[in-house]
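Quick one: this structure, given as structure tokens, is what I'll be asking you about.
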Amino acid sequence: MGSTDALLRSVANPRDMKEIEVEQVAESDLDDPVFVEGLPGVGHVGKLVAEHLIEETDSTLLARVYSEHFPPQVGIDDSGVANLAHAELYAVPTDGRDLIVLTGDHQAGDNTGQYRLSETFLDESERLGAERVYSLGGVPTGELIEEYSVLGAVSSEALIDDLEAAGVEFRSEEPTGGIVGTSGLLLGLGSRRGLEAVCLMGETSGYLVDPKSARAVLDVLQERLEFDIPVEALDDRADEMEEVISKLQDMEAAQSPSSGEDLRYIG
Amino acid sequence: MGSTDALLRSVANPRDMKEIEVEQVAESDLDDPVFVEGLPGVGHVGKLVAEHLIEETDSTLLARVYSEHFPPQVGIDDSGVANLAHAELYAVPTDGRDLIVLTGDHQAGDNTGQYRLSETFLDESERLGAERVYSLGGVPTGELIEEYSVLGAVSSEALIDDLEAAGVEFRSEEPTGGIVGTSGLLLGLGSRRGLEAVCLMGETSGYLVDPKSARAVLDVLQERLEFDIPVEALDDRADEMEEVISKLQDMEAAQSPSSGEDLRYIG
Amino acid sequence: MGSTDALLRSVANPRDMKEIEVEQVAESDLDDPVFVEGLPGVGHVGKLVAEHLIEETDSTLLARVYSEHFPPQVGIDDSGVANLAHAELYAVPTDGRDLIVLTGDHQAGDNTGQYRLSETFLDESERLGAERVYSLGGVPTGELIEEYSVLGAVSSEALIDDLEAAGVEFRSEEPTGGIVGTSGLLLGLGSRRGLEAVCLMGETSGYLVDPKSARAVLDVLQERLEFDIPVEALDDRADEMEEVISKLQDMEAAQSPSSGEDLRYIG
Amino acid sequence: MGSTDALLRSVANPRDMKEIEVEQVAESDLDDPVFVEGLPGVGHVGKLVAEHLIEETDSTLLARVYSEHFPPQVGIDDSGVANLAHAELYAVPTDGRDLIVLTGDHQAGDNTGQYRLSETFLDESERLGAERVYSLGGVPTGELIEEYSVLGAVSSEALIDDLEAAGVEFRSEEPTGGIVGTSGLLLGLGSRRGLEAVCLMGETSGYLVDPKSARAVLDVLQERLEFDIPVEALDDRADEMEEVISKLQDMEAAQSPSSGEDLRYIG
């Protein structure tokens, strides 16, 4: 149908959106910065750290990254204004080492998109002068955490000593199954470019947003990169979450009067 | 196998169908029209409004948009004639503001296709002279609706006052999770092109096709764009649906004689 | 890792397999043939007819179509020789109208692949002189069939009378949900090329391979295209299947001694 | 949003990673080698053989193959160093026929990627002088194996006699459903290039990593390609696995004291 009554036929050549687009908002004047990634993931650990860094410093939005590999979606801000799915790069000056921080609400929805967006993030961070990459995330333990360890993975064995001195643990072949998503690719692709790349993973139950795990990762980051920012906001969020957990445990205890040991697990 | 007994080998270069094709059926003579989208979605709210606009005016089919991102599918009309999956653009003249209305039976099946088709729809609507975009949809509440509110999201805060005057509600960071699919992308991508873009979302239970929610969205649209078309057909469909719901509630009441409050929820 | 100890780096440019490849095996000398498609689908109705046409005539394999849109898979023949996933085109001469028959074990695994392979099949059939397309399939009814109706869908209303004369039924907007997959696309894309395209769908329970439904479709095809081939082999398969169904019903009857009416439904 | 406050806009052109990349690590000096593939699959049979060949010989890593079709993932080695998802090609000299062995932790995540990576593997093995391809895998039986048969599939019937002489079984149209993934494609695509291609599949329950099945495949491979390497390591792993199975059976016996026949099935 259609071929007889058609007056014209044209092949669409969509005008605006490319596969990946970097919209530069401001120039950076950071000197020898370190690239830090915190996108959504297990326990939102990486994203919590990234947002904290942006909020607690005199940060500047440098660029937005759009891509047709992101979900076809807009977010709505508090006044009702929509923003197309994207990731954001911020200049984050500190009293010590300056940072370029990547955060956002999405990861790519397909393998190819994950690779290409990660390469774009590395391209941008290199253009901004970064030769070191820290990707941040959580590693799920399946049970509530008593002591918030931070696991590490690196592009080169030479990096391990300094990280261990800053409190990072290295465990043989952990996390089992490797590191999936942008955090893993920034490490793997960064390494192939000859960058110094580190992934810091806060242990977290995996069931809840975990500001305590984020605090542990932030501590290591501050120690290693020698800067110091206020941590109260993150601790406040941790306290709020403690209360939520405590209430959940009370509810569970009321429902099933079993041993206290079991209550530590939220399934 | 095959390499020994093959006489010839050729690489196929499929002849006809491009990634996206716009088949122009008629020229538009609309002056300064507004682009209105109503594809299938929650409660079919957007599609109901779009179809109503097309049926109740002296509308003209302007173009069909085909794409290999649509499902590999044909629809069958009432005489048995097949039509390849596509979207349609109509010229919809009114007594006030003229409209270009997009409707159809499908959205793209993949992220990339969603982005590219939305860009194509914007290309076409811009070519037809539209500088304002209204995407229509439903927002699910999970329970039967008493009062049919219409939520809004916009490309720019400057648009909010006029929309609120027309009865649109703006709620901070709602809908939670943003707006997914073509309605969201027309808003997000339209905004990036500098177009004035609005998404109107009728509250709906999310369980049923909802002509009442469509009526609420249509009312807002007429108020805002200053036109007036008959609404009886939509009200008739709403009455029919009311009867269906009423029967469902009676059946539910007969089966489980619990409190009247519960009956308002169809799960 | 890797960048330091690598001697060389090369970008792979895979040599052989294109997105779609047509391997021509023989030339056709058919005059004004009709293109008939029977790939796997509901009740394997289309594939049963296609295979029967190939087996009961002096057919010749014309071409194999390979594609990276097919599953990454080989089939194994009865002597242990592997063959890469592909579709096959046969020249099928009859006492009346000659046919080009498409069959195989796979459909494409993604939307884009479905469109591109269907275009390739149409390219090939046009190159071989066919201007008429018959795609064959089954339409699921959800219950055992007493009378094997054949539903039709067409590219143009002008085709309906002759098909009804050959026993095809046309029901308004049926099959609901349209026709999905290669059978639907050959109809939709064929129509856009200006070809005369028909889809014949044998009613079938949808639970079992259905040679009786295939027989009904074959009868219509023979009547419409005026040819006559032996049908005994298809009837023998139908008889075997009847026995299987009869045994299943006996087993069901033994297990749940309910009314005879219910036994006609195999769920 | 964004279009008003943006200073600059650039389209990203990711710098480093291509669709598929071959990173050459060393030159091969093998003479007329045979290409052997053992990627992860049913019972990890193929991978166990490939790893055993690499470990028990004076093997050399020749190349790593990276691809955006692999999962977006890094693995972590025993010292905490990350490596980007990849496959590896090794030169494996033996006392008889030399081998090029392909192994790794991943297969491509999409159909197209499977085809393109398999073509790349064949390109590389041909460049290294191989004209014969052996892909290794497991075929699931659904029950514990008493006698470890090795099934074969070939590019050409002429290969069957020699393989049967080496202990390979050929069963009509088995494995049912063909061979899926890289092992199947190397056979199918290798055959289309005119290469001599064989797939050896060790029977395995499909529930556990199966070193005994790997041993059976290795025996056939050694017999057919006339080389001889130590097998103790593989037998030790088989013994360990036997113990695991034995314990599982004891546990099952303790839980459900039914007939001994049933205990042979681990579901």
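To keep things simple, chains are lettered A, B, C and D as they appear, and every chain counts its residues starting from 1.
To be clear about the criterion, a contact is a pair of C-beta atoms (placed from the backbone, for glycine too) under 8 Å apart; a residue touches a chain by one contact, two chains touch by 3 or more.
Please read these numbers as outputs of a predicted model, since none were measured by experiment.
Asker: Pick same or different for copies chain B and chain C, depending on whether their interface residues overlap by over half.
Answerer: Both copies touch with mostly different residues.
Asker: Look at all chain centres (mean of CA atoms) and spot the one farthest from the centre of chain C.
Answerer: A
Asker: Please report how far chain C has to rotate so that its Cα atoms sit on those of chain D, a copy of the same sequence, as a value between 0 and 180° in steps of 5.
Answerer: 90
Asker: Once you find the CA centre of chain B and the CA centre of chain C, what distance in Å lies between them?
Answerer: Here chain B and chain C have centroids separated by 34 Å.
Asker: If you average the Cα atoms of chain B and of chain D to get two centres, how far apart are those centres in Å?
Answerer: 49
Asker: Identify all positions of chain D at which a residue touches two or more other chains, and write them in rising order.
Answerer: In chain D, 1-2, 81-84, 155-156, 191-193 touch at least two other chains.
Asker: Inside the complex, what are the residues of chain C that reach chain D?
Answerer: 1-2, 5-17, 66, 68-85, 109-110, 113
Asker: Name, in rising order, each residue of chain C that touches chain B in their complex.
Answerer: Those in contact with chain B are residues 18-27, 64-65, 81-84, 108, 111-112, 114-116, 118-120, 122-124, 152-157, 160, 170-175, 178-182, 184-185, 187-189, 191-193, 197, 199.
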